[in-house]
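For reference, chains read A, B, C and D in written order, and residue numbers begin at 1 within each chain.
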Amino acid sequence: MSDAPPDQGDYRPEIATATEVRPLTATERLFHLILPHRALGHLPGQFVQVSLPGIGEAPISVSSSFTRTSGFDLCIRRTGNVSEALHRVKAGGRVGIRGPFGCGAPLEKCMGQDVLMIAGGLGLAPLRSLVQYICDYRDRFKKVTLLIGARTPETLLFADEYNAWRNEGKINIEATVDTAKKGWTGSVGLITNLIPQIEIWPTSTVVVACGPPIMYRFVMRKLQQRHIPDDRIYLSLERRMKCGMGKCGHCQINDVYVCLDGPVFRYDRLAALPEAVS
Amino acid sequence: MNKLRVAFYSLTSCEGCQLAFLECEDRLLDILQQVEIVRFREASSYEGGELDADADVAFVEGSVSTAHDESAVRTIRMRSRRVVAFGACADLGGVNAIKNRQGNEAAKERVYGPYSSWIHTSDVRPVSAVVPVDFTLHGCPVDKDELVRYLYALAVGRKPADPTAPVCFECKLRENICLFHKGGTCMGPVVRGGCRAICPAYGAGCDGCRGLAPDPNVALMRTLLREKGLNSEAIRRRVDLFNASAVPEDLRRELTGYA
Amino acid sequence: MHDHPLGADRTMTIEHVARVEGHGNIVVNIREGVVEEVRLEIVESPRFFESMLVGQDAPAAPELTSRICGICSVGHTTASIRAVETAYGIEPSAQTILLRQIMLHAEILQSHILHLYFLVAPDAFSAPSVIPLAEKNGEVVQRALRLKKFANRIMAVIGGRHIHPVSMKVGGFTRIPAEGELREILKAAPAADADIDETVKLFEGIRFPDFKRDTEYLALRQADRYSFYGGRIESSKLGPVDPDQYLSLIKESVVRHSTAKHAHFHHKPFAVGALARYNLNGRETLSPRARRAAAALDLEQMKDNPFGNNAAQVVECVHLLDEIADSVRSVISLGLKDEKPARVPETSGHGVGAVEVPRGTLYHEYEMDGLGHIAHANCVIPTGQNLARIEQDLREMVPQILDRPESEVRLQCEMLLRAYDPCISCSTHMLNVEFRK
Amino acid sequence: MKEKFLPGERVEDLAEYLSQRYRLWAPAAKEGAFVFAQVVDAGDISMDYSTTLLPPKHAFLPTAEILASVDLQTGEADSVRPDDPPPAIFGVHPCDLNGLARLDQAMREPPADAAYHRANAGAFIVGLACLKKCRPEAFCDSTETFRPNGHFDLHLTPMEGGFWTSVQSDAGRALADDTGLFEVPTDRQRAEYEHVRRGIETTFAGRRLNLKTLAADLPKIYPHRMWEKLAERCFSCGACTAVCPTCVCFDVRDEMSDGCRTANRCRSWDSCLLKDFAVVAGGENFRGRRAERIRHRMMRQGSYLARRFGLPVFCVGCGRCPHVCLGKISPLDVFEQCQKEVGSGVGRAA
C-alpha cells in the first residue's frame, strides 16, 4: 500500500539561532530567532514548536510580524521544562523550530473594519504580531483599539513599545492592572471594566482576544452586552500539543484540532464546541 | 560541563533500589560520565561522614521508621538541592508500613519479646511526610530504565517525566492476557504504571507497589475483586502490602468495603 | 588521619562501614595497650518482618519476605516458598525445581560477582571504590558488569527480574520461560565462561591477609552434589540434622549494641557462607573446572582463614556457571510444560524452608492458623549467624596487628568484615527464639 | 481487480517470500491467545486465529519508537531506521483492514505525518476474510466492516483447497506474478467463491445501528446523564484505546540516551482516557472528569473522526475494547442507546 503524499509535517526541527535575548519581566523573555535557510513565513496568530535537544518541545506563538524582519520573535514565560531551559539560552544560542502551525488571526476579516484587540497577560505575546502587522499596513484598517490587562505594572509586556504603537501606529491603547503600588497612573481593575468605556460599532468591529480561559468567560459577557455579533469575535485557545499536525489528539476540542483549525477560533464556531470555553 | 553531584542514601529498606542502580550494568559507565556519585555506601568508600556531602540530587531510599532516620533525612534535605523519593518505601512507606497497622508495641513484643524496650521504632512514614520531596521514583524496586531516564533528565536540567497511566494501559501494550480473564485478580486498573506491567507480564497480578493512580475508581475495583471471591479482609491485605499507610482513609474504606 | 599505632587507652570507631550492605559500625576499645572490647554495632533500623508476616496469607509470604533484602531476594523468596511447601506437603515438579535452582544459582553468582569486584577488589587494588577502579582498570570493571548482567539476564528471563522476582510462587511459576529464551542463556554462556576464567586469574594474584582461627562451620549438605537448594544441616563436628531442627542447633540472642541478633552453635560462634559450604561439601562435589580453580587459589590452605571466604566465592562462581548451564540444558531436554503454581490449602500447618544463599544458610519458619494465615514466623538470616563470629574474629585479630599504624588496623578490620559479605539490612529483623540471659 | 487462487499448502511459501522482502508481521499464538508478531518462522503463523490482542496497528505505528535523534557531539541528526525494509502484514481480518485504512487516513491527512510515512512507504498488506464472527463482543456487522473495503494488496478468502485471492494493487499484482505460487482460478472455484462470499453477507447481516445517522446523532446526546453512569464503570485506564485499531493518540517526548551524547525524540502510544491527557502547563485540565473523557472517546469513534474523514463510523467493530474493558463498556451499546434516545435506531424508537 503506497499512495505517497508529500512529506509535510516532520518531527525533525530546523536549528535556529537566537540573535538577541532580552528579559521583558521577571518571568518573560523575548527571543529573536533566525532560521538558516528561510524566513519563517508565518501569519499573525500562528505558532511554532520550539525545542531543545533532550529537554522537550513547546508550542509558542510568534510575537512579531513577518513584515518586520527576516527573523521572528518569541516571547516565552518561564513555566516548566522547555521554557526554563530556553531561559538559559543566551544570544548566539541555538534552538529547534518546527512550523509555523495553525491558521492564525483573521486578517481578511479585519480589513476595512474597526479592530478591537483584547490581551490578558501573556495574551499580548501573540497579539503583538497582529499589532505590528496593523502598524505596518495601517491604512487597511479603520479604528484600532488594544486593551491590555496584567496583574501588576511590572508584569505588563512590551510596555516600552506602547508609545510607538500609539503614535506611529495610531492605535488606541488602554492598559489596566489588577493591583498597583504608588506611581502607576493608568487604570486599576479587571480588563473587563475597560470594555464598557470604549466606543464600539458592533457591526463594523472585529474583536480578537487572547488570554486565559477565565478571562474569556467574563470578556464574552461584556462583548455580548455591547451587542457584538458572535461571528465577529475571535478567541485564541491554548491546549496541550505534541505534534502540531492534527495527529496526536492532545489539542482536540470536540471535533476540531487547535493546531490545525486554530489556535484562533471564531466565537460562533466555538458555540458548537462545548469543551472550548466552559 | 559540571557533573551532576548525586548521592544515594538509605533509610529503613532492603537496599534493593540502590542495587537497581548497580544493575544498570552496561549503562553504568555512561552514566558515570554525566554524574559524580558523592555518596553510595553500599558500593564505595569516601572521605567524610555518612551524611555530610553537598549533592545536587539525593536519592533517598527507604522509609522513615526511627528517630535516626528522621534526623538523617532532615540533614539530607538541608544538604541537597533536590530530593528524590527513591522506591516504594520512600514513596509510600512500602511494606514497612504494614507494621503501622499492627501497632509498634505489638510488633516489638512479637519480635523482641522481653527485650522490646531496647528497640526503638516509630510509625513508618514516607520521606515526604518528613521533608519536602522534589521528585519520586516509584516501584518496589524501581525500574532500571526509568532510573536511567531520571538521571539523564536531571543531568540536563529538566524535570523527569512521571507517568501516571494505570498499569492496565502498559499491560495492553505488552499484549499480556488480563489476569481477570485468566481467573486471577489484579490491582492494575487503579495502580499507577510506569513498571511496564512487569508483574502481569510474568503472570502475577499487580499488588500496587507504585501507589494509586490519579482519580482511581476504587468502587469498581472493589466490585471486581468481590466478584472474584475476595472478601474485605483479603482486599485489605492486598492493599496493605505496599500501601498500608499510603491510601487515604476514605478511599481505603471504599476499596476494602469496610464501614 | 590516624597514622600512628593505637595508643595505650583508645577507642577506635569505624562508623558506617562502607562497601557492605546495610549500616554497621566497628568499635574497638583498648585499655593499657590491650584490646578490652570489640563490638560490631548494627545500627540499621529494625524491620519487623516476623511481625508483619503475622496475619498474611501463606502464599503471600514469599512476595513480602523478598523485601527483607534486595541483594538476596531470590534467596528469601525461595526459602519462604519452601517453608510454605513443607508446611502443606506440596511437592514441586522437576521443572519447577530446576527453574528455581537456576534462579537461586544465578543470584548467588551475581551476588558473589558484585561482592568480589565491587567490594573486595578495591581493597586489593588500593582504590576507595569501584568507580576510580573503573578509571584505572576499565576492563576489570567491564568484566564484572558483563558477568553480573549475564546472571541478571537469567533471572529476568525466568523470574521477571532479579530484585524481587515476580513469577516464583509457592508450588511453581506463574510464567514458564519460552525455550528460545533459555537457549539465549546457553548462547551467552561461553562469553561468561571466558570472563570467569579471567576472574580466577585476577584473584590468584591477590594476597589475602594471613589470619587463622579455629571455628565451627555450618551448611546444608546433600550426598551427591555441592548443595545450595535442599539438603540437611551439617557442621564440621556433627552429623546431618533435618532443617526443621535448626532451632536445636542455632541459638539466637538479643544483644544490646545491635538491632540484629547474634547466633551461637553450642554456645560458640560459628560461620556460614561460601567457605563453610566449601569446607563441608568438599572439593570432590565441585565441577572439574571449579576444582581446578580451588587448586589455583590454594583454597585448601585457607580453610581456617576468614579471608578465604573470598576465594571460596570465586570457586563457587565457577561452579555455579557450570551448574546453571547444566540445569538449563536439563530443563530444555525435559520439554517445557505449561505448569501452573499449585493451590495452597487454607488450613493450619507448620514448615521450615532452608536454602543456601550467597552469605550462608537461610531459614524461614512459618506456622499457619486454621484459615491458612500466618500466626507465627521466624527467619534466621546468614549474616545474623555470622555476626558473633565476626566479633570473635576481630577480638582475635586486632591484638595480632595492634603494632601497625591505625589506618592499617582500621582497613584490615573493615576488610575482615567485608570478607563475610555481611548483608546487614537483611539481618536486622528479629526473631522469636530463646533469649540468652 | 485481478483474481487468483492460492493452493492451501502454499500459504507458508507466500509468507516466506514476504518475510525475505519485508519486515513481516503475522498472527501467531501467545499463551492461548493470538498476537501479530514479527515472523521468524513461517511455520509459526496461525491462519486460523480469532482476534489478536493488539490489532496490527503496531506494525505501522510502534508502541514506542524514536522519531528523530541527534548526536550532540557532532550535531548530526540521524535519520532513524534508514535501511529497514518496509513492513508487511499477513492475514489481516476485515475489521483490522478497515482499521489500518483509518489509521492511514488519519496519519496521512495533510499535513501528513512524515515519520509514519517514511517508515511505511511501500508497505504490503495481505487480508484474510472472516467466514463467521470471531467472538461474541465483535460487531463488525453493525459497523459494516466485515468487508475488506479495498485497503490491501492481496486478500485471501478461505475455501475448499486453498484461498481465493483478490489482487488489489500494482504491488500485489507484481508479487502474484513473481512468486509463481498462484493459479488461475477455474470456473468451479469462481462459483464456489461466489457462494462463500454470499455466505459471508448472510452471516453478517444483522445490524444494530443506523449508520446513516449515527455520526449526527451522537452530538445530540452530548449533555446526557448516561455519561456519568458510564463513568462509574470506567477505570480511565486507557486499555480500550490501546487495543483499538483506530485510536491513534500519541505522546512525543525528548529524552537523552547513552550518557547524554544522543538526544532522541520519542513517540509512544497515549490515550485520551488517561487523566492527564489534556493537562496544559499551569495545571488546567480540559477533560479532568472521567465522564468527559469516556464521552470524548465515544464521540471520536462514533462521530468526530467519522465526520472528519467522511465515514459513517470510525470504530470498526472488532470487539476488542468491550473484551478488555473490565467495566464491560461497549461502543455498540453506547451507540445503540444513543440512537434509542434520539429515536433513529434500527430497533425501536425511544
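Simple rule for what comes next: a contact is a pair of C-beta atoms (placed from the backbone, for glycine too) under 8 Å apart; a residue touches a chain by one contact, two chains touch by 3 or more.
Computed from a predicted structure; not experimentally measured.
S.K.: Any idea which two chains share the most contacting C-beta pairs?
M.R.: B-C
S.K.: Could you name the chain whose Cα mean is nearest to the mean of all protein Cα atoms here?
M.R.: It is chain B that sits nearest the middle.
S.K.: By CA centroid distance, what chain is farthest from subunit A?
M.R.: C
S.K.: Just give me the whole-number Å value for how far the CA centre of subunit B lies from that of subunit D.
M.R.: Taking the average C-alpha coordinate of subunit B and of subunit D, the gap between them is 37 Å.
S.K.: What whole-Å value do you get for the distance between subunit B and subunit C if each is reduced to the mean of its CA atoms?
M.R.: Each chain reduced to its C-alpha mean, subunit B and subunit C end up 25 Å apart.
S.K.: With chain centres taken as the means of their Cα atoms, state the distance from subunit A to subunit C in Å.
M.R.: 65
S.K.: Starting from the mean Cα coordinates of subunit A and subunit B, work out the distance between those two points in Å.
M.R.: 43
S.K.: Of all the residues in subunit A, which ones touch at least 2 other chains?
M.R.: As it turns out, subunit A has residues touching two or more other chains at 54-56, 80.
S.K.: Tell me, which residues of subunit D touch at least two other chains?
M.R.: Within subunit D, the residues that touch at least two other chains are 253, 255-256, 260.
S.K.: Among the residues of subunit C, pick out those that touch two or more other chains and give their numbers.
M.R.: Residues: none.
S.K.: Which pairs of chains touch one another in this structure?
M.R.: All chain pairs meeting the touch criterion are A-B, A-D, B-C, B-D.
S.K.: Under the touch definition given earlier, write down the residues of subunit A that touch subunit B in their complex.
M.R.: Going through subunit A, the ones touching subunit B are 54-56, 80-81, 84-85, 88.
S.K.: Note which residues of subunit A are touching subunit D in the complex, please.
M.R.: 1-12, 51-58, 79-80, 83, 213, 238-240, 242-243, 245-250, 252-255, 274-275
S.K.: Report the residues of subunit D in contact with subunit B in the complex, numbered from low to high.
M.R.: Touching subunit B from subunit D are residues 30-33, 35, 53-54, 63, 232-239, 242-243, 253, 255-261, 269, 271, 274-276, 290, 324, 326-327.
S.K.: If we count contacts the way the header does, which residues on subunit C are in touch with subunit B in the complex?
M.R.: By the definition above, subunit C touches subunit B via 15-16, 18-23, 43, 45-48, 50-52, 54-57, 60, 63-64, 67-71, 73, 114, 118-119, 122, 128-131, 134, 138, 141-142, 145-146, 148-149, 152, 159-164, 166-167, 169, 173-175, 254, 256, 259, 425-426, 429-432, 435.
S.K.: In the complex formed with subunit C, which residues of subunit B make contact?
M.R.: On the subunit B side, the touching residues are 10-20, 22-23, 25-26, 28-29, 32, 37, 40-46, 49-50, 62, 65-66, 68-69, 94-96, 98-99, 102, 106-108, 110-115, 118-119, 121, 140-141, 198-199, 201-204, 207, 234, 237, 241.
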